[in-house]
Amino acid sequence: MDAFFKDVMAAGQFMACDTPWNQAKVGLFGAPFDGTTSFRPGTRFGPSAMRQVSDSMEDYSPYQDKHVQDAFVRDLGDIELPIGDTAMALDLIEDTCRHILQEGKKPAMLGGEHLVTLATVRALAERYPNLHILHFDAHTDLRDAFLGVDLSHATVIKKCWDILGDGRIHSFGIRSGLREEFVFGYDHLDFHPFLIGSGNIGKSNKISSREELITSYQKSIDALARTLKARSIPLYITLDLDVFDPGIMPGTGTLEAGGLSFLEVLDLILRLEGTHLVGFDMNELSPPYDPTGQSTALALKLLREMLLLL
Amino acid sequence: MDAFFKDVMAAGQFMACDTPWNQAKVGLFGAPFDGTTSFRPGTRFGPSAMRQVSDSMEDYSPYQDKHVQDAFVRDLGDIELPIGDTAMALDLIEDTCRHILQEGKKPAMLGGEHLVTLATVRALAERYPNLHILHFDAHTDLRDAFLGVDLSHATVIKKCWDILGDGRIHSFGIRSGLREEFVFGYDHLDFHPFLIGSGNIGKSNKISSREELITSYQKSIDALARTLKARSIPLYITLDLDVFDPGIMPGTGTLEAGGLSFLEVLDLILRLEGTHLVGFDMNELSPPYDPTGQSTALALKLLREMLLLL
Amino acid sequence: MDAFFKDVMAAGQFMACDTPWNQAKVGLFGAPFDGTTSFRPGTRFGPSAMRQVSDSMEDYSPYQDKHVQDAFVRDLGDIELPIGDTAMALDLIEDTCRHILQEGKKPAMLGGEHLVTLATVRALAERYPNLHILHFDAHTDLRDAFLGVDLSHATVIKKCWDILGDGRIHSFGIRSGLREEFVFGYDHLDFHPFLIGSGNIGKSNKISSREELITSYQKSIDALARTLKARSIPLYITLDLDVFDPGIMPGTGTLEAGGLSFLEVLDLILRLEGTHLVGFDMNELSPPYDPTGQSTALALKLLREMLLLL
Amino acid sequence: MDAFFKDVMAAGQFMACDTPWNQAKVGLFGAPFDGTTSFRPGTRFGPSAMRQVSDSMEDYSPYQDKHVQDAFVRDLGDIELPIGDTAMALDLIEDTCRHILQEGKKPAMLGGEHLVTLATVRALAERYPNLHILHFDAHTDLRDAFLGVDLSHATVIKKCWDILGDGRIHSFGIRSGLREEFVFGYDHLDFHPFLIGSGNIGKSNKISSREELITSYQKSIDALARTLKARSIPLYITLDLDVFDPGIMPGTGTLEAGGLSFLEVLDLILRLEGTHLVGFDMNELSPPYDPTGQSTALALKLLREMLLLL
Amino acid sequence: MDAFFKDVMAAGQFMACDTPWNQAKVGLFGAPFDGTTSFRPGTRFGPSAMRQVSDSMEDYSPYQDKHVQDAFVRDLGDIELPIGDTAMALDLIEDTCRHILQEGKKPAMLGGEHLVTLATVRALAERYPNLHILHFDAHTDLRDAFLGVDLSHATVIKKCWDILGDGRIHSFGIRSGLREEFVFGYDHLDFHPFLIGSGNIGKSNKISSREELITSYQKSIDALARTLKARSIPLYITLDLDVFDPGIMPGTGTLEAGGLSFLEVLDLILRLEGTHLVGFDMNELSPPYDPTGQSTALALKLLREMLLLL
Amino acid sequence: MDAFFKDVMAAGQFMACDTPWNQAKVGLFGAPFDGTTSFRPGTRFGPSAMRQVSDSMEDYSPYQDKHVQDAFVRDLGDIELPIGDTAMALDLIEDTCRHILQEGKKPAMLGGEHLVTLATVRALAERYPNLHILHFDAHTDLRDAFLGVDLSHATVIKKCWDILGDGRIHSFGIRSGLREEFVFGYDHLDFHPFLIGSGNIGKSNKISSREELITSYQKSIDALARTLKARSIPLYITLDLDVFDPGIMPGTGTLEAGGLSFLEVLDLILRLEGTHLVGFDMNELSPPYDPTGQSTALALKLLREMLLLL
């Protein structure tokens, strides 16, 4: 296009994510796949909904006193995915992530449903054999199969564990699942459900307030950050947006009351400053269930903060 | 449950579709599958949305002067389908349809996306080798594959043609597709697109009003009905609800302006009275895009009329 | 309020319906009652929704070449009705209508559900013993009782017939009801359902197009207008907005596909020019089911035309 | 139905609430009545909306480490209620509750508006003369009459007090009402409004944080539980969902900012473990005002926890 | 970006509108301005809403038997407009249009409110002194000022007339305005309101059906096309989407019942084939009032047809 | 109107705000202007949306133990504002405010976008040269110009500072803006952003919980109240509703996650009791983005509390 239009036309890209590819440090891309969503579909529209309102978000983060420009991000757009063939879709996402890694950059992926995480974890685990994952979610996602289907949003963390093994996945916010998934979580993951009450099978004592839970979360994340830093362990963050309370994040597939607030999650993530972050994804934003736009706006703001952390 | 509750509680089933199975002539079931939907998903909620408001519909059709009870229908509920494995889902639907046929009854299926039609057509073509299909749709659905995927809502009529061959599929209402699909339609189907203008490749002359189109439709359906009756040919109707104008049927996946009205379609269907109808399906109702309920109400009313025609 | 505010502030009243009461010819009022609505409630919000957007409507009707001001209307506001006591609510509406008549003015009522018509008809029949009613509706409303309840939106026309007797109610647009209601309609009313097909019990021959129906409606209304004028019979119009097609009037309680268009109804009403109109009501606007505002805008425009006809 | 369909079809009933009636311990039923709702109607759709999405809810509660199956619940469906005759509707609900009690089971009712509680309390108070009620609500509901109507959602707790007398109703969460209702509450109920500020007429000192309020609530509930257990007093819980903050429960009739969170209410309810619970109801869910489904999902999750407490 | 992404990523641009600028024949751009909208704002989101769903639209038009690619269009994106300074916004749009004309290409503009047309007409009238305008609209837009403001969506056609003078503007579809605007229209424009009834000030006889209106429209457009072709007059089309019936186009600012259908407008436009079209705009799409997406889909389909006509 | 209607008709005015003007102490008016809104318009509908549901709000505040009637408020209605001419609109608002002040009453204004505050501040600063402003907001609003436009919602606090100077504006809740706006805020205002994290440029130490933030806010407001009381300084409150968390206030133009709760803001405001309040405004309520009504209900409740504080 000629120079005239450069001046007059709006950018049409994610907020300040227009670093030329050869200077970019982060490759941001959408993976608009929701082919295994069992309840309310729609996360395929997540990345485009975020992009459409990204002009309304400031580039500057007053929480971190940084600008998005400082993160040298390139918005690569959305992968064009086949709907109806799960394996083929995951392969395309894995290829994209691998290509970004080969170029020496970090992947930042916007789902789509949570299953897309399996694709990036495959590529990342290949590159970083000692990869750890920080997992924010309302659901365990630890089933072996769901309604007879192996590759499913409800099995994704189990599939990641198949790759990484015990003690490498750190789960926070969980408040829904089968009993056997909770048992598995306590046995094989670094597992921190977000529960009050006495039933909680992995705990010895009763918790009756979210303040207690949050304090324990802060301690656990601080300890994790220390360990990761001490041993230079590469960390990937996968954040299922349903970890937030439905009151602030209604636009997601399966709503679980009793979740975290924005400032609580932001605080936990900021505590990771200085660790070796090798990428992240944010998933399960479902715009058809977000008539007010509040879920999309929250996701966008969190994206800014996470990009600045990379 | 005891007798008390029988008196007091609401029926909780489709309007007057509670004929005991051994007396039933029609097996009505939902096939809530939308795994290959390429644009706006949500048709998985179609059958339950219709069931939820079915109390608001009268059992009596003043158009046909009959009651739904006269059709001896049994609402079997919704098939529990795996999301994420298209082949497995189609097999389950095909088994259900085959079972209904084996019991000597007629299938009436509510989608779900249009691909579910392939499953019933497989079962029906096995039973009725000379099956014909009356196809109402806005889209050709004649692709060979869509985004690299073979089994897709965009390929379903092509897959049916693979089974039935030339001249057995009668298509009405089509107004969108690839150019090669239109060419294929004119060459291999009894093909009646719903188009004005001069470009229409299969027509020799220009049409400029819907009145002309409707009159030609009425003649074609009358001729078809005569042929079918004369030769006792079994007929299956597959009706993609996007054949209607989006003004009256906004709650569907892909909206195509310039469609048919309710009375126009009803009139065409009533002209089939006396033919050998062996089943039907109605698909692509997407409740998330029907905030006013108008699409669900229209589908429900058409379902009543179609059940009474069986 | 002082003069300053008169200049600066918006009118806050129905479009040009601010004639001082002693000069007014028409008393316009809301009857926001939906206590017997069996399916989707919400018509209680009808009058306030119309008032809220009435600034967006022009005072001038290009169809009749008149201004609302020429009708000398006073917007009296909404009656404050008890919810939960149907009889008390109807009494209040009847009193209001009677008071308007006693002042020598004509009532124009905005529902609420259709049952409110019973209240105005009581008051009007007292004043005009030879009252006729022109009834536009999708539903027969001719039940004796509904779910064990006598006073109901589903019985309102039957209750009016109890007062007026045979041949005084002229029904148009009907396309839903019990079979016995249709039989009753043909036997006791001047009954014009809006039906195609062969089943139609009161007709000898099959109708297959809306054009035929509309032409017959125009003839029937013209004949009615002639008779009314010849005998100076007072006429009341009750218009249930569900007579319109749900595609243009989704914001109503019970949606019946296959209805009339705006221009068709407007044309029928304009044919009444010169008859002795003594009042009208328009009912069943349900704003919660009108997310786009199209139903409210249509009702408002029709209100303007009906006020100009009074 | 035959065995084939049993395998293939989805359950179509409330999550795991299919215990045969003779083995059931709890009778769950809907009372879809909203005939006296003064502001935004729609709670009639509450039970069906919950049932429609109940497949998306896990049977397992990680808070209590129990499965819904352990509660032996039978979903009886919805009572078919006359709209427009309040007394008749209440009688039908009372009969249903009485029948459940006579069968030796506990009632669990889903409203509908809050007035339905009067019907169950009548039946329960007959059976348990020393019944106490735990009342969660944003509103006092202590009027004598509302807009001239005696039986109203705004009078329901007053009507319960007429039956039970002083000190038997324990109210939490109240933050709206007439001044005289607050005075009555302090004088005749065990009354715990959810208020900050200095105006609070029943309190001697000013409260400025919700933490203080919550701590005082926990103490009060613990004390109540001790007393109830010590004297084996039968307890009924009536929970108006508007006790929750509108941010997490927008889908209700009258919204009152400044309410409780999900974990706060859950914690209070779990503190009742071991008391003699004889039934409960949950009311005022209004799906038309819940476009995201968050209110329905919260109600469903709370229902699971309350069923497990019975 | 490197070649890998070219293959994998979705286009992210308007359907097939990616012709390199130096080969392009048409410059398509958005003018997202709604600063003078008096009733319901939101047209600023029109172009981005269309772009976001443009992947769901086929490139092929079966009406014209052509592909969008044949029109050599370049989507230039949206102009970044100041909100709050109307004159500055219009200047930017005029500059953009002038630049496109200077490059020897044709402008195709997506509003935004109707006022944006004034900017393109200024640039086009400068280039083509004998410019004619074909104007589709529900409203006259012939005020001198609106609420004291000179530059307004309600004055835009009057401002165009100030530039072009008598007989150069051909208006169709009009059904709302002040009486003096209708008088002005009949006196100074080639004015074809879309009205039934007897009041119609410019007509000698009464029209009672839309069929008559449409037939007269077809004749008028045919005559216009003949004249334009005979004299090689440059024609610009400005189409306010509210010319369509609100039943099919609810997503616009001011809704006027009784409008045109999609096929009617398409037919009229196709009759212009062979005239010297120098550009067009389509405006007043307001996505916040289009919850079903039907308005956006209609606009997109019409855009395809209009691009193919250029 | 005659006495009959006075008895029967609903008030049609803001809850209990019908004090005759000569006895009124407060003039309440709407300023429905959103002409410079850069992202999502719609605040022009704020005042009418609040008025429409105001009947559902109790006159009695249990927080302050007072009735709205005690505040002697007169609802003056909405100013009729030109859309498209910002300066003219601000002048009209300023005139209205000045007129109210001249009559010896206090202004209470409902926006509209935040820019309307500039108009009231102009009139108030003229009257009270030592005016202070308490500013609640999510955004700094301290730009010099926005997209080249001087008078903008994004510049309004800067324009107020131009009038009042350093140290007279007390800002709370801020969590978004340009870096230079934050710097300006710390340098020239009494500036209290609502931020956690270490980046916060004006703070020496890291804050990680909202409890800390709220405690510091309570102390700051208490100190401010003491100073104002000691020196009898006139105070104006301008409250941008986006200061609240989007979870409880989604119906606003630009959503910023991580905001305040209703009880937190109410507590802060109640701490001002006894100061010399000379007026207030509440702005940025955008009903098109409030499908559940929760935002409007919150604003209405806060309005009651603020009126009672005047």
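Residue numbering begins at 1 within each chain, and the chains themselves are lettered A, B, C, D, E and F in the order written.
We take it that contacts are C-beta pairs under 8 Å (C-beta built on N, C-alpha and C of every residue); 3 or more make two chains touch, one makes a residue touch a chain.
Keep in mind that this is a model prediction, so the values were computed, not measured.
Within the contact network of the assembly, the step distance from chain B to chain F comes to 2.
Because chain B and chain E share one sequence, their contact can be compared position by position; here under half of the interface residue numbers appear on both sides. Our note on geometry: chain A versus chain D, Cα centroid distance of 37 Å, whole angstroms.
With centres defined as mean CA coordinates, chain D is found 40 Å away from chain C. Averaged C-alpha coordinates give centres for chain A and chain C that are 55 Å from one another. Residue positions of chain A with contacts to 2 or more other chains are 38, 40, 80, 245, 247-248, 289, 291. Pairs of chains in mutual contact: A-B, A-D, A-E, A-F, B-C, B-D, B-E, C-D, C-E, C-F, D-F, E-F. Residues of chain E that touch chain B in their complex: 53, 55-56, 58, 60-67, 214, 218, 245, 247-248, 261-263, 266-267, 270, 273, 291-294, 297-298, 301-302.
For chain C in complex with chain D, the touching residues are 34-38, 40-42, 44, 80-86, 88, 146-149, 151-152, 288-289. Considering their complex, residues 38-40, 175-179, 182, 193, 195-201, 208-210, 245-248, 250-251, 254-258, 289-291 of chain C touch chain B.
Only residues 1-2, 4-5, 8-10, 12, 21, 29, 48, 52, 74, 76-80, 92, 95-96, 99, 103, 291 of chain C touch chain F when the two sit together in their complex.
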